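Please find the structures below.
Across the two complexes that follow, subunit A remains constant while its partner is subunit B and subsequently subunit C.
On to the complex of A and B.
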């Protein structure tokens, strides 16, 4: 079921029989794949489907679908430039009209979720079908703290998970993403994530967001937050820089979405100990202040100073302060104020401070989704700050 | 299959920021006192950071350098002083990697008298193909109606050649014999040279001295129909074999005479707007918008795929060939009261000295350059306010080495200062210890930062490169106000109101913006909303030499607007 405003798709159109959908699966265990195939079998007529998988194909001639080989992706926890190139090439080769990209652990997506995502793009009214996952309250917080608020503020996009790992794509959307991906592969950045929602927004393509319920997100195997956060924020900030001429124009923000309650099926989470996060933040306040002072204006630095002496129980990062911090990091990334790796690394303790603050806020009884909406609203309200700083990046500012 | 250039949009030149430089003057990598391609390559990051999207290289071919390289002795090689062909290729690739395109010179009106073609022509029998590559005569009376361009050095367009026993035609210096475009061999060789560079990946060609390609007796030998046929042939060859490239016409003519060089979109993609430049300076000094309005009123519409090239200064003198005698007198008195500041009737000074090094005047002129309809072309060094040296001969006053820092030779070269191709500017106001890139990079309030920010701002708005122009007519003539508008074709418009105060004092202005009733002007630099436009006159006050760029946005308070 779609949950978006009138610009977004609000229903799942029926699919013409015989339509050709390419389902591109990520590498996964046989059990996971079996589950997905079973769900697909429930959702779609077999003759309209081609499944592409990098795993060994079943030798069983009774496989319900036509199966083809797909190149394996080196990155398993998010969709990368290489994945989008593969998707478009396979779709073209197999004359598919639309594509459904499913990542690891997508067995947790039920048949109706698969139908929603695929049917929207097969019907032709939507170019990009994006899932809205029900996640436990303290999962996907990088998305909640940075990606979603930036997407809303800059691209007027209500998509809750801009970096969703499952997507429905029309052929023209896939082509556009493949073109964008080629630019990255030309720079030897095939494993860099793409930002399909931003791409679709700039192209003026129709985007649909669909509630898909619970989903277990694939987790990065090796890399930790120190690697993942710079990788993802660097990729997003680059995309923002490339699309500056678009997002700086005045656009109508969509009406605020209703708060999404967290899944009732999610078990209550144990209390999170914020002490290590605060310790990291305080240590960084001592060690990284010199770097932050190159990036952040005096008001933000004063705000951080106050936070650094705040008790754990009372620790709260004002939403406006967080928005300005992220905006100033976006700007410093564009201006190459300091080495980009160092810059993004120095964002990590600030992010941990936001997480600690979020934990405190939600522990006080505020609905996590509501708090995330408040954060996003702060980003929206202060977009003019980023635009003015972007256009005139003078260090002499408040 | 067409060979595509490095840009993806066929109309990329409309949005470009062009930066004109001489390889010789930019950066010397080997300490011989002469700039070179390896040196230029090391400075590409600087240009990218500045926001440049297209680098225009002055001639870098083998040449005796008697006209700063416009006297070419070999069209398909690099002058050894600047490096090798491989060095050029490395530079070209590096520029493309930084999303910058490269514009080079196609100087086809004439060659050097040391070009092998001319050497062969002198000894070839009259009427032979080798001889006919140039224009010969037994009399100086032929083409007598053609004017002399370099009046300071030349007394005739004909020079006697003792070996050939004939006069040869040269519209410029006597060591630059004109090629004969009535000879099929010439066109063949020109196309061969052009393909050589385009095949390598060069993105654009500047056609030097384009009005003078063909001569006919009884005419001024300028802008002849036969010349347009030559241009059309060159353009047709480009269109047939290449994509996403452009040709820039150098035609120092009135707008009406330049217009034919666009053809029906089948000649040059871009042409310099020469007469606008002196009139901008005149308007500034007279504190009156009239000279600008008048010349723009004389500027005809051009085909959709064409563009004007705009500049404040370049490697030549500030030409006054296209102004009246009174205007020329005024410009000489106003901007070059020392005769050493003049050459060929024009003014051989850089931007900053022309406006007495007044930062607000420099900014105002740049704001016009960046917001007028056309592609802006910056001259190297003007982004930091470099000065000139009027004690150097010819136009070398504005061709001195780039000032990178306050080290020896301004960081341009590590050579003995005596070896420099031209001395560095060393006076107390514009000297390299004061005016240099490194200092301005560290100074957030410098002209360099200002220029970089303004370029970045312009690049956010396609309307500046592609939109229409409409002048407003406020009573206060010290104010220049105009609307730029781009129809996106989907019902949406990008509209910008530009207001400039040409006066040294604060000025009020009342603008009739009734056609935009309900719109909200948003000041573009700071993203500051201004009062919503109504039917009433829109009143603004501008500080001395200040300007405003206001994007007219639909008002949030009045969605119907």
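On to the complex of A and C.
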């Protein structure tokens, strides 16, 4: 199942005997934990492994691994700044050479996937091992619409899931992430997500991407899209702003990635109803046009006007338009054109319009992975626009 | 009133017996005297206030000039010392926008602090000269201060009204409420009405009428909204809420199925 990404790694290095790996588990149900422990038992020798878990530790003295308590994280569906601090502190305390962070539902990761992620960082050839999940076509759409294309265009990173919930970290990578996380915790933002791929790219660390097969991604429990999307995009835009000196330099973009196998597409009758998303977009167009006009250039506004009048069946947001919209929002975030909360809130209906368009495109027979690559390519092609306006924001922009 | 009429009636025969030219000369003489006296009073007042105004202008101009010089020196000094870079390094590589760089902010704050100081000293100088000018209405200066306070209140109220209106508009649109704009406008005008009442109260204009009118207006708006929701728009609101309840499931981050088809495929945003 797990294959090493040819872009970064040619083979999975083997673990040296006597090495120690810290596995940091998120809070999860006992059944999930049992499944993960079973997978770890088949993947690694017990003597070189330390398991840290925030849940109640099993009292069974015959447990194959050394188990320690870890601080509980408030956010359980993604890795936050607090998680990275905990991971580094535990690794230092236990003198671990590498860390494997596993989130909720990671029982769905097979033993070979765990081996690949851990061995890469234990062997020292990779500082950050990132999984490439095999998800159903209409899953992880925020990642496909914003995170992946932005990471690819700005940081020349082919990592398909920049906000992956399972990671392999070398000790120096963990230290760097903990340092970045400390800055956030100092600002009372311990539950803000970090962007490990961007950190590793800026630091010049080696990144490895590994196909890990099917994975059930944990979903946020309480808050809805209206809360989480601004949180994540705000965090990413801040990271982009902080690393502007790095990404403004032109970089060698990785070769176009071969289409990764995705889960089989749904049968034609299992269509997704895009009407609610279109309704949300049209309602926003009639009400938020005044706010969008502060952020977007006239060309994009004309594109949105056309979209607002198009039929549901023919609804398609051009990839170039979406790239331009996201870039303009990044710029407005940097320039504080309007209040940042308002800015990110007004991005939600536009994102829903992209989702509706993506659903329509994939329903017409286009491979979802291929469409996502097309979107990423549009972001890459338009990067010069972002760089130019970042440097000279007051120039004429039709 | 009656004694005044009596005096007028008594003086009328005497006036008729006087020659017309002598009357005209006397009237013009009296008018000229009155005008000269008025002019004299105005000029005296101006002469009394002029040093104060001059002191105010000089203080403001001098401190503005000092502010410009100090701000410019600070800007150059901090740029040479690479203050922004040092701060960015200590704060974790934050990249500042040119218009909001720490150096620019410090220079701007210094300049405006200097202007403010000049303003305060100017007003003090004016106040000192005003106390000698006894003819100046005693309530003018305090009222000017109130005027500034009212202007600040007005600006702050307008900004808050716009911020809240936008917040409500975006929030309501994302919740897919059809009456998002209506809500946003309602909030905006409520805050503006509140601001107007506060400004008038601060200026001590209108007395109790403002408070009374504000209470009636504010209460009226709230009552109207309550009645609209409770009676008039009951169906509209219930339809909107039902539609929202249906859609919230679909738009949530958890997997959701389309409402139109049992076999519809789920969408996961994360």
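The rule we apply is simple: the second predicted complex is superposed on the first by the 383 of 398 C-alpha atoms of A that agree within 3 Å, B and C clash if a C-alpha of one lies under 4 Å from a C-alpha of the other, contacts with A are read in each partner's own complex, and residues count from 1 in each chain.
Going forward, a residue touches a chain if its C-beta (ideal position, glycine included) is under 8 Å from a C-beta of that chain, and two chains touch if they have at least 3 such contacts.
Model, not experiment: these values are computed from the prediction.
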item	value
When subunit B and subunit C are modelled together on subunit A, clash or fit	clash
Partner chain in contact with A:226 - subunit B first, subunit C second, else both or neither	second
Partner chain(s) touched by A:348 [first = subunit B, second = subunit C, both, neither]	second
Which of subunit B and subunit C A:244 touches, first, second, both or neither	both
Subunit B versus subunit C as contact partner of A:340, first or second or both or neither	neither
Which superposed partner A:141 touches (first subunit B, second subunit C, both, neither)	second
Which of subunit B and subunit C A:279 touches, first, second, both or neither	second
Partner contacting more residues of subunit A (subunit B vs subunit C)	C
Subunit B versus subunit C as contact partner of A:388, first or second or both or neither	first
Touched partner set for A:97, first subunit B, second subunit C, both or neither	neither
Those residues of subunit A which subunit B touches in one complex and subunit C touches in the other	244-245
Residues of subunit A that touch subunit B when the two form their complex	244-245, 248-250, 384, 387-388, 391-396
Residue ranges of subunit C touching subunit A (in the complex, touch as defined)	91-95, 97, 100, 163, 166-167, 169-171, 173-176, 178, 180-181, 247-248, 250-255, 258-261, 263-270
Complex contacts: residues of subunit A adjacent to subunit C	77-78, 136, 138-143, 180, 183, 217, 219-220, 223-226, 228-229, 241-245, 266, 269-273, 275-277, 279-280, 283-284, 287-288, 291, 334-336, 338-339, 341-342, 345-346, 348-349, 352, 355, 359
Footprint of subunit A on subunit B - complex, ascending	444-445, 449, 453, 456-457, 459-462, 494, 522, 524-528, 553-554
